[in-house]
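These are the structures, in structure tokens.
In the two assemblies presented below, chain A is common to both, partnered first by chain B and then by chain C.
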Partner chain A sequence: MIRIAVFLIAGAAGALLPNLFGSPLLLTLLTQAVISAILATGVGFLVRQNGLVSFGHAGFFGLGAYIVALSATNAWMPIGATLVVAILAPTVLALLLGAAMLRLGGVAFSMLTLAVAQAFYELALRWRSLANGDDGIAAQLPDRILGLDISVFQQAGSMFVVCWIVLVLVLFGLSVLIASPFGTLTLAIRENEERARFIGYGTIVPRAAIYALSAAIAALAGVLFALYNGFVTPNVLYWGLSGEALVMAVVGGTRAVWGPALGALLFFLLKNAAGDLTDHWPAIIGGTLIVVTVLLPRGASGTIAMLMQRMGVRTA
Partner chain B sequence: MLIQILNGLVYGGLLYVLAVGLVLIFGLRRVVNFAHGSLFMIGAYVGYTVTAVAGFWAGLIASVCVLTAIGAALDRFVFRPLQDEDPIVTMLVTFGLLLVLEDAARTIWGKEFLTVQPPAILSGVVHLAGTSFPVYRLAVIGAAILVAGGLSLWLRFSRVGLYVRASSVDPLTTGMQGVDTDRLSAMVVAIGAGLAGLSGTISAPLVALSPSMGGSILIDSFVVVVTGGLGSFTGAFIAAMVIGQLHNLGVVFVPAAASMIPLVLMVLVLIWRPGGLVKAGA
Partner chain C sequence: MTYPALEGIGLTRRFGGFIALDSVSIALRPGEIRGLIGPNGAGKSTLMDVLSGRTGKSASGRVSLFGHDITELPARQRRRAGLARSFQKTNIFPDLTVAAQIGLASRAAETNNAAEVIDAMELSALAGQRAADISYGDQRRVDVALALVGRPRVLLLDEPAAGLSMAESLNLALLLRDLAARWQVTVLIVEHDMEVIFSICSHLTVLHLGRILASGPPEEVRAMPEVITAYLGSSAA
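Coming up: the complex of A and B.
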């Protein structure tokens, strides 16, 4: 009950934000931040539940975005079906890949996540007749999507609310899942896969399911990105984006479900503050990743939790 | 057809020289160096700069020396301090390095494509079975064979090679037997990075140099290392040769989807043999 109340308040509070900020530039930035927050939540959830690091979630994000753009432009499917396929296809791909790659252990798995995403990047770049290479695709989206006018999705003020609600729903769903028996089982597998197998659980399918779920969240973010921007380029598949999502998750900390989302917000504040330095943005991301990984392994959410605990001890 | 096979050998050879560095580092430190493609790229650029001043051979030597030094530093300041951490921490740090190095190269050498000419003695073509083939490409195949042969002999017959192989199977036990794994690791990471530099420089006349040039070959070498069996030298060699051929055939016959072929092969191999082709240390 308390959980539902917290998420209801969070959802309502976010929906009121656009009225507080008059600046359209800030709103644009915040909308992008929330879309990235959803992607980072997927990456962080994989770390939290599986103990695995994905260097390739841009692959699922970009796949979702490309399916929306391609299907809408070439009129493959009605838009409702397109949105479903754009989320389901990467999910199924992740489930199958996961079943093959998860037998290998963490190091090889991480290498392969990067390889898979980069292969899709090259595909989008080289298959010019389909994806128009480096120039990308301007999606011809229909006027109405799921009963809402297209402008709802393409104006920062309203899209911020849509994305925020999606983010809150995702976080709510994940927090329910974590508390469920399945959530506990995956944590047990993360801690000691062999023991979980001794007790009699199959371990590959639950792990692949977590990977697929985190891919679905990334694809969802990609779909929102395509609807909002109406434009996709191979950059949505590039490892720079995977790296950004990873930095957000690491900066925010993955112990709390909401950590990566907090990380995304901090990330965008940093990006805003970087100003003229954005030419060297990749180096800043890389540097931040190194510093935070080494010095603050718990991330912001972990540090906050630790501080609160300490204060609690003092006041008690 | 012969030409296609030879081109496949060229790419496979470059891939092997790069992948074997990854296998060496994995054997000692149990981590994967995500920045390995960047070392390849830096090697190509250092070769480019020195070649412009002092000629190709000086460029080759300079590049290997610079990258060997970078490798030693990488072990001293990244791998060694982090050796007791989760491997994920080290991988995150090397991934951060990848982004930093790519940006550094963009700042120093610019975004535009650069080209390097092969040395005069290796320019020109030879006639093979009715068609012509660049001498330089044959030389690259030769260089890859030399590196592969030299490494195998070193691993098989020298004492250090024995330590390296032992450590690939079990670094902890190797350390308990009295092998100074820190010193060994510094040397091995330096060699691995030097090989990446070598691979970068000799591929410079074959491709256009750009800061992101390390990307696709890094991915292919990851696929090689995993398909061959993480930590296996023989496996890496076999996988590099097969993927070199497939990559080249893919580029010729299905250019749009060429990047997918190594992945499909890898998934099939992993379904067939989940641990990769050959056991670690072999």
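Coming up: the complex of A and C.
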């Protein structure tokens, strides 16, 4: 009950934010930050439950975005079905890839995620007849999506609320999953895969399921990105986006399910502030990452959770 | 016809040119507690690994459980068939509470005896604590508890008392003996502490250089000159 109340309050509080911020620029920034927060949540969840680092979640993000843009533009299927396929296709792909790649684990797994995502990037770049190469695709989205006017998805004020609600629902769902027997099993496998086998569990399927779920979250972020921007380029598949999501997850911390989302918010605020100071803002981001990794190895959320624990408050 | 609880026939395991286990055959009678002793490098843990499926397909020979051939089964399926094990190095889930990990094992075994095992292994007071936060001796008991969940038919214990004080070792040994008798579990135990071995085992098998050197009741085995020379030392006679 407490969990439901916390998430309801978080959802309502976020929905009120656009009324507080009049600046369209700030709302645009916050909407982008929340979409990135969803992507980072997927990346961080993989680290938390599987103990694995993905350098390729942009692949799933971009795949979701491209499926929306291509399907809407070429009228492959109704928009409702498009949205479902845009999330399901990367999920199924991740499940299949995971079943093969997770046997390797560690650095080999991370490199393979990078290779797969880069393969999709190259495909989008070079298959001009389908994806229009570097020029990208301006998605011909319908006037109404899921019963809502398209403007709801393309104006920062309303899209922020949509994305915020999606983020809160994702975090709620993950917190329920973490507290479930399946969450305990996947944590146990992360900690000691061999012992999990010796108490009677298969380990590949649960790990692949976590990988697929994290890919689904990334694809969901990609779908929101495509609806909001109405335009996709191969950059949404590029490894740089995967790297940014990973930085967000590290800065926010992955022990708490909400850590990567907090990291995304901090990342955007820092990027915005640093961008005002210098053109070399990535150096400031890099420096911050080093400082956080050394001084706050559990990230911002880990530090907050530790402080809350000392005060006797439990966190998800 | 009564089948052995656990039987290994012609078990061989090589590491490159080194033969760690050389065509070893062993059969455990249902309900017995068998001690497996031998000097370091004799092949005791390797034998446990081969019997439990830890070595995969890299070993040769046949393993059967109550007459059913389990040679081709991976470790998790052997566990589900009733063959459980603990490990020489504590092998638990440090970040999970004691209750959570024993509950997890209970779900895999499709039984509901987590509370019974926690109680039997005297872990009730620690149930809510993270395994990483409890003492080494308690971690060893958690390791054994994970193997005991679901009342396995055969239990392989690889140095369960390693690193424990003499009092803790004997306490654990007596606990295991009582549980094995109560739950009718067949046990194969590797242990260097001879006090533990002689206090609970009804039969001993001695491994030396990957082969069985001797096998029989403890009193007979400890008197065998070749066992004394290879392992026990003259003071044991």
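General observations
Methods note: the second predicted complex is superposed on the first by the 286 of 316 C-alpha atoms of A that agree within 3 Å, B and C clash if a C-alpha of one lies under 4 Å from a C-alpha of the other, contacts with A are read in each partner's own complex, and residues count from 1 in each chain.
Note that contacts are C-beta pairs under 8 Å (C-beta built on N, C-alpha and C of every residue); 3 or more make two chains touch, one makes a residue touch a chain.
The model shown is predicted, which means the values in this text are computed figures rather than measured ones.
Using the contact criterion defined above for the overlaid structures, shared-chain residue A:195 touches chain C, although it does not reach chain B. By the touch criterion stated above, A:185 is placed in contact with chain C alone, chain B being left untouched. Look at A:240: by the touch rule set out above, it reaches chain B but stays clear of chain C. Touched residues of chain A were counted for both chain B and chain C, and B has more of them.
Contacts of A:145 after superposition on the shared chain: neither chain B nor chain C is touched.
Touch criterion met: A:115 reaches chain B, while chain C stays clear of it. Of the two partner chains placed around the shared chain by superposition, neither chain B nor chain C is touched by A:167. Remark: chain A residues 181, 184-185, 187-188, 191-192, 194-202 touch chain C in the complex.
Touching chain A in their complex are the following residues of chain B: 26, 30-32, 34, 82, 87-89, 91-93, 95-100, 102-104, 107, 215-216, 219, 222-223, 225-226, 230, 255-260, 262-263, 266-267, 270-271, 274-275. Listed in rising order, the residues of chain C touching chain A in the complex are 52, 54, 74-76, 79-80, 84-85, 87, 91-96, 100-101, 103-105, 107-109, 146-147, 149-150.
The touching residues of chain A, counted against chain B in their complex, run 51, 53, 55, 97, 100-101, 103-104, 106-108, 110-112, 114-116, 118-123, 126-130, 239-240, 243, 246, 250, 280-283, 285-290, 293-294, 297.
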